[in-house]
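Two complexes, one shared chain (subunit A), two partners (subunit B, subunit C).
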Partner chain A sequence: MGWYILKRLIAGILSMIVLITVAFFMMHAMPGDPFSVDDNKKVDPAVLDRLRDKYGLTKPIGEQYLDYWGLLLRGDLGISLKPEKQDQTVNSIIAETFPLSAQIGAYAVILSLIVGIPLGILSALRRGKATDLSIMAFATIGISVPTFVIAILLMWLFSSRLGMQISHWEYDFQHYILPVVCLSLGPIAYIARQTRSSMLEALEQDYIRTARAKGVQEWKVIVKHALKNALTPVITYLGPLVAGLLTGSFIIENTFSVPGIGKYFVESVTGRDYSMIMGIVVFFGAFVVVCNLLSDILLAIIDPRVKLDR
Partner chain B sequence: MRLLDVKNLRTIFHIGVGNVDAVRGISFHVDKGEFLGIVGESGSGKSVTMLSVMGLLPEYASREADQILFDGTELTALTPRQMRGVQGKEIGMVFQDPMTSLNPLYTVGQQIEEPLRIHLGLKKAEARQRALELLDRVEIPDPKTRLKQYPHELSGGMRQRVMIAIAIACEPKMIIADEPTTALDVTIQAQILELLDHLKKNSGSSVVMITHDLGVIASMCTRIIVMYGGLICEEGSAREIFYRPKHPYTWGLLNSVPQIELHKHKKLIPIPGTPPDMISPPAGCPFAPRCRHCMQICRMMPPPETVLPDGHRVFCHLMHPNAPKVEREVNA
Partner chain C sequence: MQYADTDLRSMRYEDLPASVFGPAEKRDDTEQIARPSLTYWHDVWRRFRKNKLAMIGLGFILIMTIACILVPMLSVYSYDGMDYTSMNAAPSWKHLCGADFMGRDLFIRIMYGARISLTIGLVAAAINMVIGVTVGGVSGYCGGYTDIVIMRIVDILSSLPSLLYILLIMLLLGKSLTSVIIALCFTSWTGTARVVRNEVLRLKQSEYVLAARLAGARTPHLLLRHLVPNAMGPIIVSTAFMIPNAIFSEAFLAFLGIGIELPKASWGTLANGGIKDMASYPHLVIFPIIAICLTMFSFNFIGDGLRDALDPRLKH
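Here is the complex of A and B:
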């Protein structure tokens, strides 16, 4: 187990190196730089050149790349290049905004699991009946309707029709509920479908008949014998799901004015905020690597046939 | 003494294309302490018969019977909850494929302990102790280590021994073994059969062995039921079935069993044709289309039961006093 984790961490570091390199050069290959965006058209070009000088953007690209690694290895993600951020460090921006995104994401993960799995089980047990058909209809909608449509519909319903004050962010229940629900609709749908199909498969297995032949109570046959086997694909999905939800969603955070990390990703790309882009790439990348590792370990704990050491 | 008495059992599978009449009104019994063999080819209804008794049919199947009397209890009258008190406690079951019949996510110990805890109400430590003894009884070496292992860490023969340990855990009155050796290597087959025979002799419980291989049960069964097309063809003591078979289908089965010790140049005689389509089963004898001695009446009427003096039952029109006398053709 220890060896396996070490091996996976080394593999993770290798993929991070590739990720950082590709992201760095692609970012610089984009036309323009942080100071050539529209807002700065009225600024004296000489001033802009001095700014470029200050942040080391005039150096050859190879040198900039090595400089970045120098910073990174000291755990420093650099300084935001946007003047309105007033030379805030990327580290501090992430530290300020990530906890809220992660909190909302974590609630969404929990909600997806506690709603998605039971829906999937119910659907499998009532296969072909009205319950099954309505759950699957809901799941199809949940998967195919884009988040922004759901977000705007919910916004309209709760804010304009039900009069909830959610146009600005507050740290209370009624502000959390909509972003959490919005974020979890897709995963709920996916988990329900996945649980249903793997439950149906598990219930067909010979060991279910063995359990029944032992006189095991029906609910135990379903939960202990079928569900545990059926959850394997859901656990595999858990890694990317946690990584995706905890790192925030640009659309959700924008719609519900959540001051999370999600919107910085998009803002930094459109604004060519080099250090912010790289910072978020590094942070999200590491997060995905760790989440996948954790879900693989969880899988090995549940399924003894999964050998981690290979 | 009869342990199980089944009267007019009918089992129907409701599938998309129509209804499959898997078992079409059969009556039989299992005596206390006997080793009964049920023989037939795939689709003859032999497994479904015992699954029907055990109440283990899938949702899309329906079972009807005038009587399924097990040790004084009418099983058809039991609720699913009461039936669970019979499953695993009064009747133990061993299935065909030990590779897939054990839950891959639980240890051997956990799976053996489960019926002990459900039916006998044993505490964890007691159940563990019993499981250890059971592994020993099914002759698994080093039971302490095996108890903590998962099914995938065991060989096929070992897993089948574990299945047997589960089946006998609560000292059932009847053990149903559904082709317990079909998925195993030939050398292991003999060991498993010997084990079943040994356990039966020690415990006094009845064993019902379902198989398509007459050779498998020849040495152990006291009585044999031959099934074809959801009906019983012939039933009698093992001696009667092997030495004085009356039904052309039984003849066919016997002629297709390879015998090593006899003449080298003897040929196996296969039964021509294929089993009947059970969605629209033939009106008469199901074996009629493949029977060498088929008469007109065979295709029109199901054969009546003929009981010979020694309790040997035959379902064949040839048993009628006016029917032509035909002899079993023996391998030449």
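Here is the complex of A and C:
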């Protein structure tokens, strides 16, 4: 186990190095730089050149790359290059915006698990009946309908029909509920489908018949014998899900005016905010690597058939 | 005494006259198997045809494809033709889905959007399949260091949210159909590659591959004639699900405003454009959304149908 974790960590670090390198050079290959976007047209070119000088953008690209690694190894993601951010460090921007995204994401993960798994079980137990068909119909809708469509519909329903104020963010239940529901609909549908199909598979196994023959109570058969074995695909899905949801969704945060990290994601790329882009790449990358590793370890703990040393 | 065939059939066994018991006449067709044997693909098609939802989906996509080719050719409207007398017009016989804030006919814009979305979906899925099959096949077949290196690259590419790469590539290449397709294909082939690799790893242990190798077959022959055709089921399924994914990602990009150059409009652009005036002119959002959702439903149904038809063991 320890050996496996070490191996995965080394692989993760190698992935990060490649990722950072590719992202760095791809970013600098993009036409324009942070100071050449439209709203800077009125500014004196000499001033812009001095700004570029100040942030080290006039140095040769190789040197900038090495400088970046120097910063990164000291845990510093640099300074945001956008004037309106007033030299805020990327670390502090992430520290400011990430907790909210993570909070909404965490609620969404919990909601999708506590709704998705029971729906899947119910559907498997009532296979072919009306309950099953309606749950699966809902799941198909949840998988097929894009998030932004759900966001639009929810917003239309709650803001123009029910008169809810969602044009600015506040830290109360009313403002959390919509983004959380919106984020979790897709995962709920996916988890319900996965749980259903693996439950059906598990319920056909011999050990279930044995358990029933021994007179084990039905709920115990379902929860302890079938469900425990049926959760494997759900746990595999959990890693990418947590990573995806906690890092914030641009669409959701934009639609419901959530001041989370997802909003900076696209803003910084379109605005060529180099250090912000790299900061997000590094942060997301590390987050995803760790999440995937954790879900693999969790899987090995729950399901002893899974061997980690492949 | 002669009996008609039908009389004999209706008689009870005991009443049958002795004369009918005798050696049967030799006929040519007695040696034949009753029904022509079905190949694997006949069988798949037979199972797929039984799936109503999948057939409805297929029908919808075919109608959509024909409509998005023919309607813009035959219609009096064009996607950028403005008409200031019908700004924000509600749906009517003149404008089937209404018109937008510049008086452009929404129905025709949705049809042009269908061209963009379907093209992106199909082309991206095809490219994905080619890259995925090649990389996965080589990785699984060669094994060893080749496999390790390729799988590490796949891991790296799939370890980050693909939106990040897509954004960088879109800004690098500019807004166009080609760059959207390139951006979408950049990371999404990794899923197919994994599937193909696992299949090839499994199949290359089988006896027929050994037999072919002993008979002197070389690697390309083995891969193309034996391994890939036998892995076709999972490949088709993952490609089928790639189409709605690509359409969804494009709609998503367009929604962010980094999709295809205006005034051409994909469904995502249309939905995004309508969202500002949603309260007063809901039709501007509703129709593009309906188009996206129906198409996504159809492709997902087709994908589910294909999965059940190609591998009945997986069906639940």
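Keep in mind that, in the parts below, the second predicted complex is superposed on the first by the 308 of 310 C-alpha atoms of A that agree within 3 Å, B and C clash if a C-alpha of one lies under 4 Å from a C-alpha of the other, contacts with A are read in each partner's own complex, and residues count from 1 in each chain.
One rule holds for everything that comes next: contacts are C-beta pairs under 8 Å (C-beta built on N, C-alpha and C of every residue); 3 or more make two chains touch, one makes a residue touch a chain.
Treat the numbers as computed from the prediction; the structure is a model and nothing was measured.
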item: Partners on subunit A (subunit B, subunit C) - clash or fit; value: fit
item: Which superposed partner A:Trp69 touches (first subunit B, second subunit C, both, neither); value: neither
item: Partner chain in contact with A:Ser15 - subunit B first, subunit C second, else both or neither; value: second
item: Subunit B versus subunit C as contact partner of A:Phe250, first or second or both or neither; value: second
item: Comparing the two partners subunit B and subunit C, which touches a greater set of residues in subunit A; value: C
item: Partner chain(s) touched by A:Met27 [first = subunit B, second = subunit C, both, neither]; value: second
item: First (subunit B), second (subunit C), both or neither touched by A:Thr140; value: second
item: Partner chain(s) touched by A:Lys228 [first = subunit B, second = subunit C, both, neither]; value: first
item: Which of subunit B and subunit C A:Arg209 touches, first, second, both or neither; value: first
item: Overlay on chain A, subunit C to subunit B nearest C-alpha distance, Å; value: 9
item: Shared subunit A surface residues [contacts with subunit B and with subunit C]; value: none
item: In the complex with subunit C, residue positions of subunit A that touch it; value: 11-12, 14-15, 18-19, 23, 26-27, 29-31, 140, 143-146, 148-149, 152-153, 155-156, 160, 196-197, 200-201, 243-244, 247, 250-251, 265-266, 269-270, 277, 280-281, 284-285, 288-289, 292
item: Subunit A - residues contacting subunit B, complex; value: 205-207, 209-218, 225, 228-229, 302-305
item: Residues of subunit B that touch subunit A when the two form their complex; value: 54, 56, 80, 84-89, 92-93, 95, 97, 100-105, 114-115, 118-119, 150, 152, 163, 166-167
item: List of subunit C residues in touch with subunit A within their complex; value: 152, 155-156, 159-161, 163-164, 167-169, 171-172, 244, 248, 251-252, 255-256, 258, 268, 271, 275, 278-279, 282, 285, 289, 292-293, 296-297, 300-301, 316
